[in-house]
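A, B, C and D are the chain letters, set down in written order, and residue numbers restart from 1 in every chain.
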Amino acid sequence: MNQLAHISPIYTALLTVAAPLVAFLYQALVGKRDQSGIISLLGIVCSFIFAALTWLTIWNHPVVSAQLTWFTIGASTFKVGILLNNLSVLMLLLVPTVALPVHIYSRAYMKGDPGVHRYWMYLSLFCFAMLGLVIMDSLLLMYIFWELVGFASYLLIGFWFTRETAVQANKKAFLVNRIGDLGFLIGLAIIFTQFKTLNLVDLFGEAGLIYQSAVTNGQWVSPVNSMDQIWLTIAGLAFFLAAMAKSAQFPLHVWLPDAMEGPTSVSSLIHAATMVAAGVFLLATVFPLFNESTLLFIATIGTITAASAAYFALGQYDIKRILAFSTISQLGFMMVGIGIGTWDAALFHLVTHAFFKCLLFLSAGAIIHEMTHFKVHSQLDFDPQDLRNMGGLRKYMPKTFMLMSIASLALAGFPLTSGYLSKDSIVISAYEWAQSKGDFYLLIPIILVIVSILTAFYIGRLIFKAFFGDFRIMDQVRDKLLDAPLHEASKTMLIPMFLLGLCCLFPVFSLNPFSYHDSWLMDGLLLDEYTFAPSHNAHVIIPLLLLIGSAVSWIIGWKWYVQQKYPLNANSLSLKAAFNQAYINELYQWIFVDGALKLARFCYWFDRYVVDSLVAFIQFIVLSLSRLSVWMDKHIVDGFVNAVASVTYWTGNQVRLVQNGKLQTALYSVFLFVLLGLIYLIFF
Amino acid sequence: MPILSLLIFLPLLATAFILALPTRYKSSYKYIALAFTVVQFVLAGICYAHFDASQPGVQDLGGYQFVEQLPWIRLDLGSIGKLEIDYLVGIDGISMPLLLLSAFVMLMAIGASWNIQKSPKGYFALLMVLNMAVMGIFCALDFFLFYLFYEVMLLPLYFLIGIWGGARREYAAIKFFLYTLFGSVFMLLIIVGLYFSVINPLTGAHTFNMIYMMNPQNYLGDSIFGWDGYQEILGISARLVGFVVLFFAFAIKVPIVPLHTWLPDAHVEAPTPVSIILAGILLKIGGYGIIRICYSIFPDMAALSNWWLGLIGVISIIYGALNALAQKDLKRMIAYSSVSHMGFVLLGIASLTAEGISGAMFQMISHGFLSAALFFLVGVVYDRVHDRNIYSFRGLAQLMPKYTGYVAVAFFASLGLPGFSAFIGEAFVIIGSFNAASVGTGLPRWMAIAGSIGILLSAAYFLWTLQRMFFGQIRLKGGESWANELNDINSREQLILFPTLALALLLGVMPSLIFNNLNASVLNLVSFIQQFI
Amino acid sequence: MITLTHFLVVSACIFCIGLYTVLSKKNAIMILVGIELMINASILNFVAFGKYDKVSYGGQIFALFAIVLAAAAVAVGLALVLNVYRHYKTINPDQINELKDK
Amino acid sequence: MEIILFYAFAVLAIGSALLLVNLKNIARALFLFFIVLFAMAGLYLFALADFVAITQIMVYVGGVLILMLFAFMLSNKELLKDLQDSSGSFLSMPKWQAIVLTLGFLTLMILGINEWQQSIPTWILQARQNNTEIIPTDNNIQQIGLRFMTFYVLPFEIISVFLMMALIGASHLSRKERNR
């Protein structure tokens, strides 16, 4: 172990990244179906080991970075390199830690799928991209991996490509992410223009270029360039746009619920734990760039996202969609954490959320897996993901129930769980921040508290509907199927879930279950100073408030869902709006998709009928001109020649008539010329 | 060894061989063509390997490499002066990568024409003539020579489209021919104007030498394109007129938006190999011409008018992308995507920054590989069922998994997925044009931002096509018979596609392969133009 | 008072009629008649002007000469006509066109 | 009185001539020609040329016209038929070219006469001034005889010889050729 620890962290980090890449390439080039899974699993195990080694060497140690020249364009050289600081090694460790259980779980979950080798290939590609994203030391490289992550996500969402909804969803996911990528690219362009480098160490390291630049006289001045200060805000917003798309922030959150079309294991890894968190990671990385207005904007968007997603989650029946909205909502919390300046809290929440949300998804996957089996077995046609078809599963799947409950408690921020620590850290910080700012800003922590209670309620609803009460579908087929068709998920699935369940508990992060300040993670990321004064009262009141609120919401949920005293009209406008996500998708379809298509068709119409007919018109003119010239040639130029000829001929012919040997004609001409001569003599 | 002359005239030898062989050996024509093209590719590779990346080139003849100069036409014209036309070829960092690209795309085109049945003799002979002209264009440093190759190129293309093309081939061929000829005829006027304006400082004779044309000192003071005199044509500065006319001549080739309508027709009607050449090489001649000729000979006007160039670029990007989105014909969609992608080239060139121009060059190279691959992929499905309509296919991924894999890779590479070459090109065009405002070239930043919308739209049309044609349940217009026809790609096709896409990947991962050779020239060009801003 | 002009006008008319006859008639005899009319018109002029030449009487004398010559011309002409008629069996000058190249 | 007679003769001459021209029947035309010649002779009288008028009547009417009639009768059998049945159109259609030319000449002559009045030759004016015009009481025949024998003796002789030649020629031409 000691010897291993002496290996340079650079190499271990590289190996961490390389292992899944090798797995990917191997499967892409020579992959055979029967080996599928093993290679990827092996890759991620290696990755995990190396990541752990790296983490051990780097965490709370000086920053390490290494670079190689990549290419030179013009006078500027771009380097490829890795940057290992607490933030990046934390993420570096997190990814394989979450990915490893998911890989193990997938072995069972994806068993028997005809395209399973593709699944493993894509999954390895994703792990590679995600690991690459976190350790890269240049914004350009980050961007590259950022897009690769989106690409892998595209492949995995559309894994079942024969499903129309799946390919619609992956297209949507990629396109919405592309919008964010544009933001990233513009951000890159601004940074490069301003600082002539994209290296994170140069930019954001100690005494980096960012800190040397300042806004003076309306100009954003850096050591190498200066531009209008608006560009500072735009740069911040551009990076935030990137994060918005990737982390599914309102109004770009629409892709994430649809992305649930992918396999559940994928949703757990990519669309809950890691990739969607990349936005938060990015914002944490470029945090020094943000100015006041950008931060406020981020906090506001985060709040809106948290609230709207929680609201949408209330109206969903699809178990994965509820979790998806829950993810969006929690990402909103993280954004608020960034927006108020406590990105360490945001990162903390990111990490804890990764574990419990991953577990939630895996549990949901286990349920869906069993429900699908049941569906095949009973030959009934129902949606295995629909909560309304479930109920009473506690009896059949007690371990899953237990693990999911832990995760749900963590999500709800119940004490003794990791979620309690991280969520409180955000809410309390938000409160403290608002207090230092003024009255109006208090709206944000208040909303966050309400959203937290709502979170408790909707996750309670999920648990109650799925695990308590009666198994509704079962009643229909009870007489046909005497043997118990539902059972606990296989061990291959349960073990990784169990591991993740452990990570949802407080001791993993902090020895003191009630103070997030004591967590090692916050210590490691500790910011030098918060911009606001801590408030000790908040540390007591807010957790208490949340706890009581959650408890009350659960009691209500119990009454409504378990005891069947549902007071609300399921068809009420607000519930319908929640179910349909306030019709945002339809709005987007209407405005952007249809709009773009209409514009495209118009352009094509314009191209075909205006631009091309302009050409045709010119052609017509040229043709007409040529016809005219042909006509002229025939009738005027040629006609002139012909006319000369025919005049000569005619004259000759006429004169010839004179010489017809007739006396009188001769006489006539004699007299004619006499007359003409006389006329000439007299008048001229 | 006169390597460039060999490179240029080897195909002519192939043409002679092909023409000399009697028709009963017609199956050997493609092997002859292939053999010569392989040799050519190797020669181009030697050029690449022996290229000294530190030599700047552009307006400095000393910086060109593999230079060959032979007096070609010397005529004493009495009072008009002495006519001086040289056979002058040479390459610098700007032409060398394009030369390599051309050799490669030619190889691809030969591979794609393996199954040509209709009079292979004429076909391969014309293809080789085209090959020669293209090589000549990228090497020529004498404007007269350049123009000669430029015109020679049109002829085989006209016949290749007009004889071996699709249903509306005559229309497309004539449209293509007229468009290009329209541009080049006016170019000839400017060439003559330049000839009378420039003198060879060594002999004092008028000259067609492009390098001399790039030096303001070689211009006669009172000549039409002279630098000190304010000559005017129709009230507009003569140099501006010259620049604009040359620009449009090349912009038709690029193509820019109002002058692009030949491209969809020509691409759609042309046989697959010709589409590959059109997209892979022909469009690059436009971009190359703008850099080599418009920018280097009229640097002052380039600095003056880059705002308009940038605007045209941005319009091309977005307009082309929107048009591609509306297409139902796969080949037409790719043709319009070419318009969009070549818009980036123009935007990058207009930025007048090292990043922008390098990005534009890189985009040209990358587009050369990728569009060639895309057209080849369209050809694959068209060969099998003779239909290209997007809506005629559905769920191809199940029938042709390997093909779908290649298509997906090519599509993603084209839409600028990092790791592939197009990304580097587009990203640096955007970065460069964004940077332009800071170096004061007058290109506003919103153009860069507007250009980036093209990246989004390109993702939209490529993914939509992928969804419509390849994913979902199998549903084919031709039913069962099509399903039997649509075999997965064979090894010949893989042999062509794999290296192409691998190259796109290689360049995406190691852009230095291109940039290293490009940098000196681009920096020299930028500083040359910067004097006039 | 009969002035010189009266004679001149009458003589012009007669001359023109004679001319017309010569040009338009399809009969050799009528052509001779036309010639006679023209000659008569000139004779009228002679005598009209001769009025002012009392010394030499040129007008009247030449009028007499003209009459005599006209008579001789008619004699010869008619002889020719008769000969032509004998030869061609017609005296329509349009049909006497052996000189014309066919 | 005098002028009325002049006009009467003039109208008679011109009118007969016009009618002559337009007749199809040659026999009638020849008789009209006879009238024209008489009218012309009358006009000579008004120009105080009595001897010329007599000669006109004697030579033309007595000689030329008879000759013409004979020639006509000798030559034109068909036309003799025409003479007998003159049921056809009385007037022959004029030829337009001939009319144009003729009218052109007439116009020109009238114009010339008009012009001439502005500049009458000096010898006429002198004669008028000196009153040396021929007057009706002069003995024209005597004067003409004197002039013939003195001043114009050479032309007189030449014309005699010429007349002789014409007569011989005419008789030679009109004799029957034996060899035909």
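Methods note: a residue touches a chain if its C-beta (ideal position, glycine included) is under 8 Å from a C-beta of that chain, and two chains touch if they have at least 3 such contacts.
Just so it is clear, the structure is predicted and the values come from calculations on it, not from any experiment.
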Indicate, using Cα centroids, the chain positioned nearest the centre of all protein chains shown.
B
Chain A to chain C: how many Å between their CA centres?
123
What whole-Å value do you get for the distance between chain C and chain D if each is reduced to the mean of its CA atoms?
7
Averaged over CA atoms, how far is the centre of chain A from the centre of chain D? Could you give it in whole Å?
128
Averaging over Cα atoms per chain, report the distance between chain B and chain C in Å.
98
Could you say which residues in chain A touch two or more other chains, in rising order?
668, 671
Enumerate the residues of chain C that touch no fewer than two other chains.
19, 23-24
How do the chains pair up in terms of touching? List each pair.
A-B, A-C, A-D, C-D
Under the touch definition given earlier, write down the residues of chain B that touch chain A in their complex.
175, 257-258, 260-261, 319, 322-327, 353-355, 357-359, 395, 397-398, 412, 417-419, 423, 427-428, 430-431, 434-435, 437-438, 445, 448-449, 452-453, 455-457, 459-460, 463-464, 466-467, 470-473, 510-512, 515-516, 519, 522-523, 526
Listed in rising order, chain D residues that touch chain C in their complex are 2-3, 6, 10, 13-14, 17-18, 20-21, 26, 29-30, 33, 36-37, 40, 43-44, 46-49, 51-52, 55-56, 59-60, 63-64, 67-68, 70-72, 74-76, 79, 94-95, 97-99, 101-103, 105-106, 109-110, 113, 116-117, 123-124, 127-128, 132-134, 138, 140, 143-144, 147-148, 151-152, 155, 159, 162-163, 166-167, 169-174, 180
Hey, which residues of chain A end up touching chain D in the complex?
668, 671-672, 675, 678-679, 682
Sites on chain C touched by chain A in the complex:
19, 22-24, 31, 93-94, 96-101
Chain A-touching residues of chain D, taken from the complex the two chains share:
97-98, 101, 104-105, 108, 111-112, 115
